[in-house]
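See the structures that follow.
Next, two complexes with chain A in common: one pairs it with chain B, the other with chain C.
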Partner chain A sequence: MKRRGVAFYAQLAFTLVVSAFLIVPVGLSMLAGITANYFQGVGSGLTLDWVLKVWQLYSDSIYLSMQIALACLAATLVLGVPAAYGLARRPSAFGRAIEELMVMPVAIPGLATALALIVAYGGFRGFRTSWAFILVGHVLFTLPFMIRSVLAVMSAIDLKMLEEGAASLGAGFARRFFGIVLPNCRSGILAGSLMVVTLSIGEFNMTWLLHTPLTKTLPVGLADSYASMRLEIGSAYTLVFFLMIVPLLIALQLMIRPKGDIR
Partner chain B sequence: MSTRIRLTACGKTYANRHQGAGGAALEPLDLEIAGGETMVFLGPSGCGKTTLLRLIAGLESPDPGGHVLFDDEDVTFVPIERRKVGMVFQSYALFPNLSVEGNVGYGLKVRGDPPAERRARVDEMLEMMRIGDLRHRAIDQLSGGQRQRVALARALAVQPRVLLLDEPLTALDAKLRDSLRIEINTLLRRLGITSIYVTHDQAEAMTLGDRVVVMSKGRIEQIGRARDIYFKPANRFVAEFIGTMNRLPAIVADGRLSIDGGAALSWAGPDGPIEILFRPEDAVLCAPGRGQLSGVVRASFFLGDRTRVVIDGKSCEIVVETTSRGDFAHGTTVGLRLDPALLLAL
Partner chain C sequence: MAGRDRLLSAVLLAPTAIVFGAFFLVPLAELFLIGASGPAGFAAYAAILVDPRYVASLASTIALSAAVTAATLVISGIAGLFLSRNRFPGRDLLVSLLTLPLAFPGVVIGFLVIMLAGRQGLIGALSNALTGERIVFAYSMVGLFMGYVYFSIPRTILTVMASAEKLDPRLEEAARSLGAAPWRVVRDVILPGLKPALIAAGAICFATSMGAFGTAFTLATHINVLPMTIYTEFTLQANIAAAAALSFVLGAVTWAVLALARSAAGASVAAAG
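Moving on, here comes the complex of A and B:
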């Protein structure tokens, strides 16, 4: 085995310190969520009461967030996959312009987008007060991520030739699209889907302006609990949030890993 | 019965974005391919051979006025999925989401064959291409040669009316190319299916087709059997594209032909300066002064069964091939004897 020099250990120590700097607050916050009384310290005992309390107070927000995330996923799949297909099959100057324009909702602050939505559609009361209003904002924000990740895979495989091959064997458009195009873009669609769900669940910026007291999502509830509840409740909320988002992130990493590694 | 293919006035003009200068990728042309015939489209890249193949496949439609006929049926407006053509692509176009078996059976499934029949046909195809042991493999676990076998099996499984092969061997290494070419040739002859084979490799074209269509710049230069195209090229493009050809300036006067300032031969043709062409194997090396021409050996390449000798002639370089066992060292002066019957003037 090769002996490692001082430089290696110095770099390792530096990395660990930086990591600890980032991770310790997260750990402390989660710990606070299961501590009976944070001001007395961990000595006061560990409890799941705060987590239960969060569930009682905010379970509606959590369900709503899930509902919006899944609806957002459905919308970005229906809109984004065909859009990516169109851009991949007919590359043109117009297509490239669209591709560039698509990043706009990501580049523009969420607050500005939200304000624009309210100015334009706030008058439609039924729409303004329904969760669909938030959904529209989320779709605007996440659609580029879906299109980009599907488009990346579609550009990497020779889609045109695969389709010509299928057509020469008698397959019509629908058969080619669902039997050949979609399965071969699976990795891009999966990566895009996880990205969309994760972003939608975590989106605060825009949602904060778009929500009503009856349409509060998970991150909005988090801000609310930080602002007006005991520290332990806010912290327990963070814990709940983590338990939901971390498995998604891990799944995301596993899915977008190149195929060769798994075999 | 094998399908006969006829094209009438088929041209193809692309909008500017595809071809560098825009304009015609293919000038309107007529072509007939007999049932069961193997036809090779040969030409340098950009000559329109692939466009012509895609017109026949139904992947492109001809400019207005052009028609594609399979037997007596006009298929000009029939899309590829209903033309019943088998197609083999240069980069195979195999479906990575399906196994070897799934690829070969795809066309049968699309057609709606019952599973038992489908399995029997897939078995038959895998056996024919000798890839039975690969049936459960994923496409990315196959070598190039194996992929091409799968592609052939897939195209032939549906018993197409016509088999179209677009540079199928170009992506393979030389040795594999040779053996697979022989195999494809045997297969096509055994099946008796009308086939069109596109290639830029003249050696491939010579050994494979019943007839060869030589193309350049969107036009057909010559159609004929390999030996016609080699021995009786219709024009200078064909002469120079196929094999090696020597070109020498010559002058005809009073029924005598004098080549590159050498001794004269009897020649029937109008007087004046012309250019004559001949193949390296059609000139005979001899002692200086015994032939019509002479020159100094610049280089010689021993190829085993023959030796290729490059000679500095008076005005240009001459390549000669000989089966003689001399070693033709650099700097030796040699004579060249030409047979007027083997000279071409184009």
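Moving on, here comes the complex of A and C:
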């Protein structure tokens, strides 16, 4: 082990400061959510009253977000996995156009996509006021992440050889797809799924314009509580949100940790 | 066989193409036409670029995004390089902490900025205890800057680390054995090697800062960035034509930056998203 000089410790200190910048406010907000009176400080006592209050006020929005996230996951799996397979099989002009299209939800701000959806489909009242309207926005936003994640794994393995082997043994397309392709892409599908659920639960840019008073999602409720409730309630709501999303993010970290080996 | 193969690929891609066509391309086309539905017609798009209100908003959004990108690249470059180069106890935990906020939504980040720099925030409390003056900057452009840097650090650190691990350590050894000073190794060997990753990460960082809305919404509705202007035009002024035209200008600037970065850094820009 080489001796560590000043440069090492300076960089370590810098990195620690950066991580403190990221983590301290998370801790503060979680603490504020269980503090009786944050203005007076933790000395005022710890309580779960604010969390209960949040549950009374906003449990609908939490359930709706879970529902949309799961529906969004189902849709991105059904659409995205075959699409990634189609892109991985052979390069084509159609495929390139789709790949180009996949960059757009990153480039076009969510606000613009939401406006476009409202302009085009806002006239269909039943659709506009249902949660499916929000779901469409979420699918547009998350589908590229699913496709990219699955495609990354498909490009890394020799799918062609595996499939030719199976085909030469007489396996038809369906058996190859479900028996060879899907099992070999498990890690990509899982990482993509975690990303889709995490992004859908937290999506706000589009949802703020797409939601209606009867279809409020968790982040819409968060914005509402930040604007109109006392700090402790906003914090408690954020705490509930963190409890939902942090396990997903940790699972995601374990999968995308840059260690070279994706599987 | 090749024909059947091509057909199969097309069939696999078709559902995604249909969904994107129906719910993304067609609506965007309609939005584009609505942007031109005012009395000025398509000139409305050009008019936006001379209206001082909108120009100010666009300029401050671009300036903010550029500043966020620069700050994020410096911070994540140093931390990411350090973490990929050194192994020490607690390193994995540090990596986990730095990448945890990877997918925090903008509204929550706005709230975290308020926890740090708001009226009841930590920075205000500390400065009050030390100097008797409460420093509060959450509800301004500075707060927004802080929020966007917060948002961008985890993703950029991941990109930098992934790229740094692929650099050939022998190049650095060679430079060092030839007597290059540490800063020259960084400037002439490490930075050129990281350049594609930095460009890719920087482009994503710039694009998300341009279009982000939740953080500004949480901090203060009067912050003059383009997404807030679009939102105000749409909801308060009911000026859908202006909101549509502004959305396209915003989308076009962001798209152009991403396209530039992609041609400069290769295809990795999309993958960094």
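We adopt the following convention: the second predicted complex is superposed on the first by the 252 of 263 C-alpha atoms of A that agree within 3 Å, B and C clash if a C-alpha of one lies under 4 Å from a C-alpha of the other, contacts with A are read in each partner's own complex, and residues count from 1 in each chain.
Heads up, the rule we're going with is that a residue touches a chain if its C-beta (ideal position, glycine included) is under 8 Å from a C-beta of that chain, and two chains touch if they have at least 3 such contacts.
Keep in mind the model is a prediction, meaning the values are calculated, not measured.
When both complexes are superposed on chain A, chain B and chain C sit side by side without a clash.
Geometry note, superposition on chain A: angle between chain B and chain C about the Cα centre of chain A is 90 degrees, to the nearest 10.
When the two complexes are overlaid on their common chain A, residue A:A32 makes contact with chain C while staying clear of chain B.
Chain A has more of its residues touched by C than by the other of chain B and chain C.
Contacts of A:L169 after superposition: chain B is touched, whereas chain C is not reached.
By the touch criterion defined above, A:V139 reaches chain C but does not reach chain B.
Contacts of A:L117 after superposition on the shared chain: chain C is touched, whereas chain B is not. In the superposition on chain A, contact is made by A:M161 with chain B only, not with chain C. Contact with neither chain B nor chain C is seen for A:V42 once the two complexes are overlaid on the shared chain. Of all Cα pairs spanning chain B and chain C in the superposition, the closest are 6 Å apart.
When both complexes are aligned on chain A by C-alpha atoms, no chain A residue touches chain B in the first and chain C in the second. If you check the complex, the residues on chain C that touch chain A are 5-6, 8-13, 15-17, 19-20, 23-28, 30-31, 34, 75, 78-79, 82-84, 86, 88, 94-108, 110-116, 120, 122, 150, 153-154, 158, 161-162, 165, 182, 204, 207-208, 210-214, 217-218, 227, 230-231, 234, 240, 243-244, 247-248, 250-251, 254-255, 258, 269-271, 273.
Touching chain A in their complex are the following residues of chain B: 57, 59, 79-82, 84-87, 89, 91, 93-97, 106-107, 110-111, 154-155, 158.
Across the complex, chain C is touched by residues 7-8, 11-12, 14-16, 18-19, 21-26, 28-29, 32, 38-39, 78-80, 82-83, 85-87, 89-90, 92, 94-95, 98-99, 101-113, 115-117, 119-121, 136, 139-140, 143-145, 147-148, 152, 173, 195, 198-199, 202-205, 208-209, 219, 222-223, 226-227, 231, 234-235, 238, 241, 245-246, 249-250, 252-253, 256-258, 260 of chain A. Interface of chain A with chain B (complex): residues 157-158, 161-162, 164-172, 175, 180, 183-184, 186.
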